[in-house]
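Presented below are the structures under discussion, each in the form of structure tokens.
You will see two complexes here that share subunit A, one where it goes with subunit B and one where it goes with subunit C.
Coming up: the complex of A and B.
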């Protein structure tokens, strides 16, 4: 009996260790650990401020739209979260695509703004219909990305520096341009119906019916999923992806192999920018939000994209789930009990969780070290 | 008195075992260093020499074994402990501050200060000069490190140890960067040091040097301790057999060269330097013919790397022309040079040669992935073809790895990484093969193999340009030697008629010929 136990145990730990060594499993585990740590710290913060409502509030954050009692309401709110998840997915795709090439495109935030500017202005001032508006946003984002890329290639300017600068330039330029199409009484841009251009709204394809007539659920949802899959394929199965990843992993080897690394850098940042720009049009053309022309900070979407990209293990499909989660808890923040907490607390909680999401790579590294160490110990025992 | 009691050994490392995941770097190794002796530590790359020294330095903690200093067991947990015990080391890559003077470097970390925390260098200068007199270590204490020769930098490192009153001195492959003349001087210095009672551990894989300077020699092979011998009692062949575990053919077997027409023609080539304002390559002209191996010899940093970068298109040139098969390729892109028949085995396989995070198969098509056999018309990779092509190369060149074609290049051994690069570059059927230090850091078996491949390429009628820092390799493999010194080709030698001493004079700039 004793002997049987002894022979069994090492085998089981062996299987667990083997499973733990699969990279995908590691990523998912690390992501879950980050999420749990974030929720825990959020809970502790709530406890500190006011222990009374902490438990209920943190559960509400997790529940998000499930906080509503009626299933119909839940569906509608679910649709809202989904509508805002789409641009976040696009931003995280933008981040991870450039990251695969070894570039940290922090300019995603600005490229997102440029996309918003282009799509809204084309829709409101020129009365374009939805598809041209979308493509215009894509071009605007790509153009901004190209500037970052060209500065990097020809002037050796770090993409992070130029990206941050361009974020501000994009923001204030957008504020200036969109002021022309804003409502007289408010800082917000007009509704599409105000200029008789409902055609600029993205078509619903009947998806709104699935979400209790939530008109914000549009063609953007399937389109975004298709783009995520396309990016997966490009990166893993094509010559272009082969070149991009080679450049990202080892720029010198890419040059040695005669790859056009400069062209690849610019192209990557253009695609990255295009994704962000497209993402903006996928939100603003649903009519869910309007641009606030007095905004003095870049929308958080581009930055949250960084967290989403890392939480998703830098995998396009992973980014879909991580983006949804981040948007989910961001929205869930509004269900924190305001009797006990000031309304800003929702942002604090969700940003703590998002912050910890960035630790995925760190946790993966720690896990690998721990595995190696236990293996070393085991071998030493032998 | 104390010393007498302590017995004959200055340092003893007894039954040291150090394991890393998946490998036993030191397996029950015992080294005993006598007072005042020069003790060589011989072994191939990966034999465990560096690990053993890191254990002695407190950088690694061994699983088993003890270290005795003067017969007393000591615990060395970090380099400071080692320093306190009088153990000093000259690393293979010097640890000097380039923009400091020699004196500043010597006192670095043990700066003499006055009461108010100001540096007082007068005393230090006196001691340094005394020491350099005593041991014949000529240095200029006020020269900047960046301005002095490699030999003098090494002497600075030695003075650093002496200044700290170290009496156990470790030299980690000290001759790799020196000219033959400087090597002679170094050996004299080592003899002086041991005559003054310093104990020296001399790490090397160059047999001739060990025979010349060491009293005793301990041999490691694949982490295991093979034995310790008196160098007087053994021959070089015996030592080498101990090191490799079999008899090795030192000389490359090859028929006389049969050169044909000129394939690579370089005229008045000048290349700028990245490090300083001078040109790294100055007005160099030479050519390489079909069926011969031309070797660029010289000490590291005399413009060889820049010359290769210019030939292969990695760096722009200042002026000059490069022709391949009669076609001017001076301004051609890297890709077009490679398509037109230039293969390049790069100097640094991790920097240029491989994408370490890619699989072996992806690395094997690094130069050809765009060809129609590997990419279809829409731009998708033909992964089946890549797999079968890679498996072919893996068989043909005997590239060993954990999981075959899908092994991450990073996890392969250095020798097999190099084999992969060589397989890739040779299989492209080049007109010109540029091989830069193709055997660097490899063990004797792999070196033998690579030399055979180079000769086979020559015999197949290719033009081979070999750049090497290893004197033996230059003399054994090449059909014609061009010596580079400070960016110029200062001599053309016939390997059958020259000898290491003559080559050394050219390499050190003491002699010049007409080319």
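Coming up: the complex of A and C.
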């Protein structure tokens, strides 16, 4: 609609106004505003707690791995952040994919847990190698997504509430199942090497060499980028993607036009769940983390995915950058001065960013109005 | 058995208070998914009062704690009100953000005051043994909590407010057809704010009740374990009607209480079911119940849709 209006108007305004009117530019600007406001509020919170080290701490949050002095160390820490960014990208892809159909898949967190459960159990108990483990995680996530979809379609259950319930069910089930493969002395699951199954680790493809021999940088990185591009293509270039977006914009119109809306909803949530499940296997199969079988809350990865998805303007490519940013400041939280502050300050910042993302629509509207007004003024002068 | 009844009643009170909050907010047309976050903030307010003012006379302390929880809940719910009433933000997104923010912000805050009091203390815990005692009356081993009374009063008040009161009826009109309500001179903005603020107060009280249920030490990193969402399920099962919500809350409370007390029943213990299954129980029951209860939904027609004057 915006574009149609633009062509009718005479092109006399400045280049800046023209650039500002491009929707993509507006989205990026709005996201940057959210980020800046989030960081500012985080800084103010730190100031309130203790004005002395606030400036240094917020800068450390932003610097993250750059706080290390030696470049070798920086590279290694960069690799760690990257390894954790991958599952976050997958989770945010999962959220944005379902959001295109008008569904808020908060169950991503639980589907991620299901993926972790499947890949770890297959690797530790059955000794599967990495690819089957990954596929098993994908299936587990998809299955959980399908339950949410089926409940939505056939029983009219709000997907947010069923998603939350399934998150807790998935968490407790996973704790029970993975207790079978945990170490005797600790609540953590065993290492892959303990069961002589190093084949379950994702192959490095030489990428570890780029990051000062950080073995957590694996095939997951290129794979994840390929998936993000694939999602972009599915959404913008295929009939299926078009149907999904049409269903999201107006369910009744889509139905009237002969689209199978029920099938589309279930399929979307299955794909969404599969992405989250796959994301979990991409983290746990690098060996970076082990599952803690006494976990009493759902891992934050799925919820951070919401932040990343909205910050990225609900665009798969945008999600890559926003995910990296969110993970970057989340990791940066550990570099605050812990004499005064706690690392959760980065959670505060990212949740404020999500909150502010709710205002993006309003920010865009104001931008368009301001541009239109300045243009009118210019024309009046002439 | 007495213990089971006690836990059932206290968890039912939590769910009831929060579900009534959700119910009023939805009747005004705003979906309040931030209930969970509001509970955490309310709990923080109450816990702080209990920790700092336990020297006051019990009655005064109890009232002060209730007020603090309700007030902080209302204050926090303003985040939802501003975004969804004035800026037409996506209510699901804002609610989710509020839930995440509440846990993170309360953790940071509690850690900061703990560390300020004692530099070696980096925990996010608040202890309120003395304060909790003032809430409880021991009757032959049955711990009566004043919150059970508060919950009963809340049901009656909400019923009167919604059905026997001009304000309540107008509020419900704004959730059914805001344009029609506006055309007869009802301010939709005012009504929706009323709904959001009342839900904030009730959810704040519910949060305080939740941390008083079984323990006298609360770790704010943990949040409230999905209780805000369980309350929404109770509300849906109760078809947005106060009386039915009370019954639904009792059923869900029973299942939640089982996970705390099943060890006390020889026949349940003999079954040898892992404790995780009991932990899962309320959520599983909730899903099954929702699957059956959601089909003929009596939800307010305009809930979740930002009010647009120009729309007819």
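Assume the second predicted complex is superposed on the first by the 328 of 382 C-alpha atoms of A that agree within 3 Å, B and C clash if a C-alpha of one lies under 4 Å from a C-alpha of the other, contacts with A are read in each partner's own complex, and residues count from 1 in each chain.
The definition used in the following text is that a residue touches a chain if its C-beta (ideal position, glycine included) is under 8 Å from a C-beta of that chain, and two chains touch if they have at least 3 such contacts.
Treat the numbers as computed from the prediction; the structure is a model and nothing was measured.
Visitor: Does the superposition put A:229 against subunit B (first), subunit C (second), both, or neither?
Guide: In the superposition, A:229 touches no partner, neither subunit B nor subunit C.
Visitor: Where does A:32 make contact in the superposed view: on subunit B (first), on subunit C (second), on both, or on neither?
Guide: So A:32 meets neither subunit B nor subunit C here.
Visitor: If we overlay the two complexes on their shared chain A, which of subunit B and subunit C does A:341 touch? Say first, second, both or neither.
Guide: In the superposition, A:341 touches subunit C alone.
Visitor: Pick one for A:160: touches subunit B only (first), subunit C only (second), both, or neither.
Guide: It touches subunit C, and subunit B stays clear.
Visitor: After the superposition on A, what does A:250 contact: first (subunit B), second (subunit C), both or neither?
Guide: Touch status of A:250: first partner only.
Visitor: Between subunit B and subunit C, whom does A:242 touch in the aligned arrangement: first, second, both, or neither?
Guide: Once the two structures are laid over each other on A, A:242 reaches subunit B alone.
Visitor: Which chain, subunit B or subunit C, is in touch with more residues of subunit A?
Guide: C
Visitor: Just to be sure I follow: which residues of subunit A are touched by subunit B in one complex and then by subunit C in the other one?
Guide: Looking at subunit A, the two contact sets are disjoint.
Visitor: State the interface residues of subunit B toward subunit A in the complex, per the touch definition above.
Guide: Those residues of subunit B that touch subunit A are 19-21, 63, 312, 314, 333-338, 344, 346, 351-358, 362, 366-367, 369-370, 375, 379-381, 383.
Visitor: Name, in rising order, each residue of subunit A that touches subunit C in their complex.
Guide: Spelled out, the residues of subunit A in touch with subunit C are 45, 49-50, 104, 106, 151, 155-158, 160-162, 164-169, 172-173, 175-176, 296-297, 303, 306-307, 310, 338-342, 344-345, 347-348, 350-352, 354-355, 357-359, 361-362.
Visitor: So in the complex, the part of subunit A that touches subunit B is made up of which residues?
Guide: Against subunit B, the touching part of subunit A is residues 237-240, 242-243, 245-246, 249-250, 252-259, 372, 375-376, 379-380.
Visitor: In the complex formed with subunit A, which residues of subunit C make contact?
Guide: Residues 33, 79, 83, 87-90, 92-94, 96-98, 100-101, 103-105, 107-108, 111-112, 115, 119, 122, 124, 221-223, 225-226, 229, 232-233, 236, 274, 276-277, 279-280, 283-284, 286-287, 290-292, 294-295, 297.
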